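As structure tokens, here come the structures.
Each of the next two complexes has chain A plus one more chain, namely chain B in the first and chain C in the second.
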Partner chain A sequence: MKFLTTFLKDLKLSFRTFYIYIEIALAVIFILVMLFVLPENFTTEHDIYTLIELEEPAYSSVRTLFDEGAEADRLIYLDSREAIENALLEDREAAGIHVFRSAEGRITYDFVLQGYESPKLVELLKQTFIGDLTTYMPDYEDQVSITTLGGAREKLSDRLTVLPVFLVLNSAFTGLFIVAAYIFMDKDEGTIKALTVTPAKISDYLLAKLGMMLVMGMLTSLLVTLAIARGSAHYGPLMIFMAAANLFGTAIGLLLTSFYDDLMKAMSSIFVVVFVLAFSTISYFMPSFSPLIIRMIPTYPMLVSIRELLYQQPNLTYVYATAGGLLAGAALIFMLALYRFKKTLTV
Partner chain B sequence: MVKVEGLYYSYTNDDKYAVKDISFEIAEGESFGLLGPSGAGKSTTQNILTGLLPLKTGEVQVAGYDMHHPKREMFNKLGVSFEQSNVYGKLTALENLEFYRKLFDVPTLDPMELLTLVGLEQVATKKAATFSKGMKHRLTFVRSMLNQPILWFLDEPTTGLDPAIASVIKDIVKEKKERGTTIFLTTHNMFLADELCDRVGFIVDGELRLIDSPRNLKLKYGEKLVEVEYVEEAVKANQAIAAAQPIVSDSADGSGTGTVGRATIGGGTGTGAHLVRRHFSLVDPVEVAALQEVLATRKIETMHTKEATLEEIFIKVTGRKLV
Partner chain C sequence: MLRKILRIAGRDVRSGLRDNIIVYVILAPFLSALILRGLIPSVGANVLQMAVDPSVEPAVVEYLETIGKVEVLEANGEALERRVRATDDVFGLRQAGEGSFEIVKEGNEQEGMDEIFELVLDAYVNQDLELPMDALVSDIGWKLPPLKQFGASVLVVFMSVFGGMVILINLVEEKQDNTLSAMNVAPVSRKAFVIGKGLLGVVIPVIHAFGVLLILGFEGLNYGMVTVAIFSIALISVLIGFVIGVMNDNVISAASSMKVLFVPILASIMGAIFLADKWHPLLYWSPFYWAFDSMNRIVLLEATWGVVLRNTGIVLAITAVVFALLSRRIARGLN
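Showing the complex of A and B:
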């Protein structure tokens, strides 16, 4: 009952302070940027400015070869070498290819690049092109097969791939930032002292803060996921997971605030914690770089779990195991925070 | 209601004690004032009694609870009014009280009636952040009454309030006292303590120097005085000034060389006579004789008995001023 009273009071207070609106505004800005500024997939098509200076029938053969093999890249045919070079000066992401017959009478393919490409990339480009040409040889048989150890997963759009980062750093860790602000406001106003001389327990006070942050975290999670992922998320497990992640984040926030008297003094610690937690996004976006130390940061399994819940066939065992771990961690950290608050507020 | 024995407290966990070897008892229904200057140990003592500071050394019982093992339910019996206002600025006055009343497990007073009691009924639905310092203080004060405490801790309850509001607060405290509420008052305002307390304790540098009723303290330490205003012929006026002796000191060091009680000369009467105001000690035979002479030979305009204030006694006993 006292928990409910304190929780409702905190909820009322939260809507009368600006912190919660910052949280909601961030969610709305994220939605707007993801939907209206950035494309669904960040990989853009690179224009290839092409000049084929060959007589027939060689011209038609090469043209067919290019048109069939270009796939995603866009071919733009120009009529002079100078035109290719000018086009590359205008478009710094583009590349060019000039096909002509050499003095010896051989068909020559001359790649025109910007100059910033690494030697590895240049060589890769060259070998890929040669490989592509090889497939057109008579009696060619593809003897190459590929086996992936991680299993074949569906590919999420870049927009969906970014979504877990927002959900972790904004919705799950709402508490880490904002609960600190609310508790320091209580300390500054002295209301925490007034509460200490009532029959309400400190655990009621801290649980109410957890509850308030949970509501806010769930609200922004749902809002952002509905806008970005729409029907492609598994909402039931996602909300369960986000609740566990949010409780974990807020518990860390409570523990941090128990060591300080005001927000300014606590800022450096909060910054360090957030900085460390954000490290896991590197491995999330670059799976080839995922040392154990980064995979041990709690945000890493959080990111992976949320991504799982955006796949059509999620690994729910992994997701629920991670959620269980986060809940256990949240409970442990909460107990530590409670001990600290009892020690500093007494009774 | 309150029993304190051999209480020590150090914020730094060493021998730099904020309170040292304090012992006292407060009976049920008694009004007790802990008086002392800033930093004397008043708030430390009250904070230990209200559980805001942990009890380390000594024995303290509050409303039947051992403060070595305080229980949350004890706060159903206690009311604490803080010196610094501490209300939720983003909540209205009424919302503040409604929230706190729900935290108690005992019948509570109607928040609106409490706000009316201290003249805040017109701003009941306004956010406390918009209140003046005095209004916030009144809100903090009535919040401590919500659960009808049997033991009421008041920390500087009238500090910073205008005289009219301070008078209202004093009247409320007096009424509660008459109804049997035990009161623990911490203040440096001796007039307030004199008016509200059955007994007072003087605390200086963390040590409780003396405990007694204001009346006994005045009888024991204060000199009985008579203030007389009489008409003096012009020639005799200068002699009267010279005759007037300092009677009670208000000097900072308590050395007794102050100027209170010195005779002063009023405006002329138009006939060469002047009005003289003079204090006479009733315990000093020389002063008594002088008074008798004045009564016999001069025209008396006004005459009042006057006793030493608690503040003067505090200075006399502790050698320290209150501010």
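Showing the complex of A and C:
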């Protein structure tokens, strides 16, 4: 009952301080940008500047091969090697192909790169080309099969790929910073010290804060997902997961707050935590770079789990296991925060 | 007046040092730059990651190690499937028979990588075939990876707005403690107070920019251009910090407003990096876009004073418009 009273009081305060309106406004801005400003797929593949310096009929054969290839749309034909190199200077993520006849008379494919590519990437490129070439040879042996464990997966649009990042960094961790602001405001007003002389328990007070952040997190995540993913998301598991993630994020905020007397002091630690948590987005967007240390950051499995729930056939076992881990983590961190608050709260 | 400005700035430094926030604000960008410098060689080093079970011959493993990262498992059977199902993008490989292979994938890996893996294995299996063409790889000698290029610019622009945020929180707390209104009866002019409060927010980002670029090992940069570019963006960040700080009466609204502020900053920077050029006009309203553009050109050694001054002029023009629209509100909030 006391928890409910405190929770409703905090909810009313959010309306008075416009916090709820700001959170909803932020969600609406995100929706508007994603739906009306950015196209559904907004990342671009860079051009491949191409030069074929061969005589007929070799030129036509190679040109036909390129025009019928998967990357035909990306090829831009130029008339000199110098033009290729100048084009690469203008676009630092582009590459070139220069096909010519070597001094020994052999047709040579020269892949012109920038220079920052790793040795393994360079070798991968070369072996991929050689492998592709072998498939056209009469004595080619097809000795490689591919088995898919989970069934074929559809490709998510860029819009849906970005959605988990907003849900994690905004909706799940909405409490991390704001709960600190709430508690310090209560400290300044003397509300929190009143707990030592009232029947209300500190646990009720902290749980009310968790509840407050949970309401905000669920509201914004539901709003944004409905607008952007529409029927593509699995809403039941998603809401369960977001609840677990939000409780985890707010519990961290409570624990950090317990170590400080005011927001300015707490801000530094909060920023460090946010910075570390945001790091996992690098591996999320670049799956080829996902060292264990980054995969251990809690936000990484959060991002992967939410993305799972946007596929037609999600791996629910993984999602629920992650949610369970987050809930367990939230409970443990909350107990630590409660211990700290009880210890530091004196009349 | 100069002495009063420096005294106000000095008070904020002392108060910040007591809270450690100044220490964090000063050190954080340098630590971030050190972390980024450590990460850069690893990112992009291994595009293809593979896990192979013991059935795969050592010669194949040796070949695969020239094109990606290989993890050799200790057990056959289910262990490979378990490894592939882990959250990272790893392809499994087992030997299906003499000279034949089975690639095992989960189905959610980066598009096209399974075909690439298949082709490199085709190259290995058919290595005795006489090919009618040769392949070679050359480059134009550009050694700056995109992560270092964009990472430096993102870090420098992002850290420039930190000062504004510290001012925001500081102002709200002073409002709550009533020390802000006490300034109205103190022998300090409104102008001196505002400049003193904002001074650190403008000076520190320039120091940060120099430090970050030096730590990341950039050479031959025009630090004069860096100073001009960062000064302008720090100025608008300080202004925004002031506006939000004086317009909010409590820390909760101020903290929420700060969150809202992150949106245009991140959107501008991410848009500048990931959007095709034809979409960039959508970002022209944002001073952070122009600051990022300046920094990006500077690290690419392509910046000219004309472009840097143009971009800085746009940032200052936006700053002037924002200030003109909100100056009365700022003055009311400081009462």
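The rule is simple: the second predicted complex is superposed on the first by the 236 of 347 C-alpha atoms of A that agree within 3 Å, B and C clash if a C-alpha of one lies under 4 Å from a C-alpha of the other, contacts with A are read in each partner's own complex, and residues count from 1 in each chain.
Rule of thumb we're sticking to: a residue touches a chain if its C-beta (ideal position, glycine included) is under 8 Å from a C-beta of that chain, and two chains touch if they have at least 3 such contacts.
Keep in mind that this is a model prediction, so the values were computed, not measured.
Contact-wise, after the overlay, does A:201 reach chain B, chain C, both or neither (first, second, both, neither)?
After superposing on A, A:201 lies in contact with chain B but is clear of chain C.
A:92 in the overlay: touching chain B, chain C, both, or neither? Say first, second, both or neither.
The answer is second: A:92 touches chain C but not chain B.
First (chain B), second (chain C), both or neither: which does A:190 touch?
A:190: touches chain B, not chain C.
Return the chain, chain B or chain C, that is in touch with more residues of chain A.
Tallying touched residues of chain A, the top partner is C.
Using the superposition on chain A described above, determine whether A:79 touches chain B (first), chain C (second), both, or neither.
neither
I'd like to know which partner A:5 touches here: chain B for first, chain C for second, both or neither.
A:5 sits against chain B, while chain C stays out of touch.
Can you give me the overlap between the chain B contact set and the chain C contact set on chain A?
On chain A, the overlap between the chain B and chain C contacts is residues 13, 17.
Touching chain C in the complex: which residues of chain A?
Those residues of chain A that touch chain C are 13-14, 17-19, 22-23, 25-26, 29-30, 33, 37-39, 42-44, 85, 88-89, 92-93, 102, 106-118, 120-135, 137, 139-153, 155, 170, 177-178, 180-182, 184-185, 188, 262-265, 267-268, 271-272, 275, 282-283, 286-291, 295, 300-301, 304, 311, 318.
Flag every residue of chain A that touches chain B in the complex, lowest number first.
So the residues of chain A in touch with chain B come to 1-2, 5-6, 9, 12-13, 16-17, 189-191, 193-201, 345-347.
Within their complex, state which residues of chain B touch chain A.
So the residues of chain B touching chain A come out as 50-54, 70, 72-73, 75-76, 78, 80, 82, 84-91, 95, 99-100, 102-105, 140, 143.
Inside the complex, what are the residues of chain C that reach chain A?
Residues of chain C touching chain A: 16, 19-21, 23-25, 28, 32, 39, 42-49, 66-69, 81, 84-85, 87-89, 96, 99-111, 114, 116, 118-126, 129, 131-146, 149, 166, 169-170, 173, 176, 250-260, 263, 267, 274-276, 279, 282, 300.
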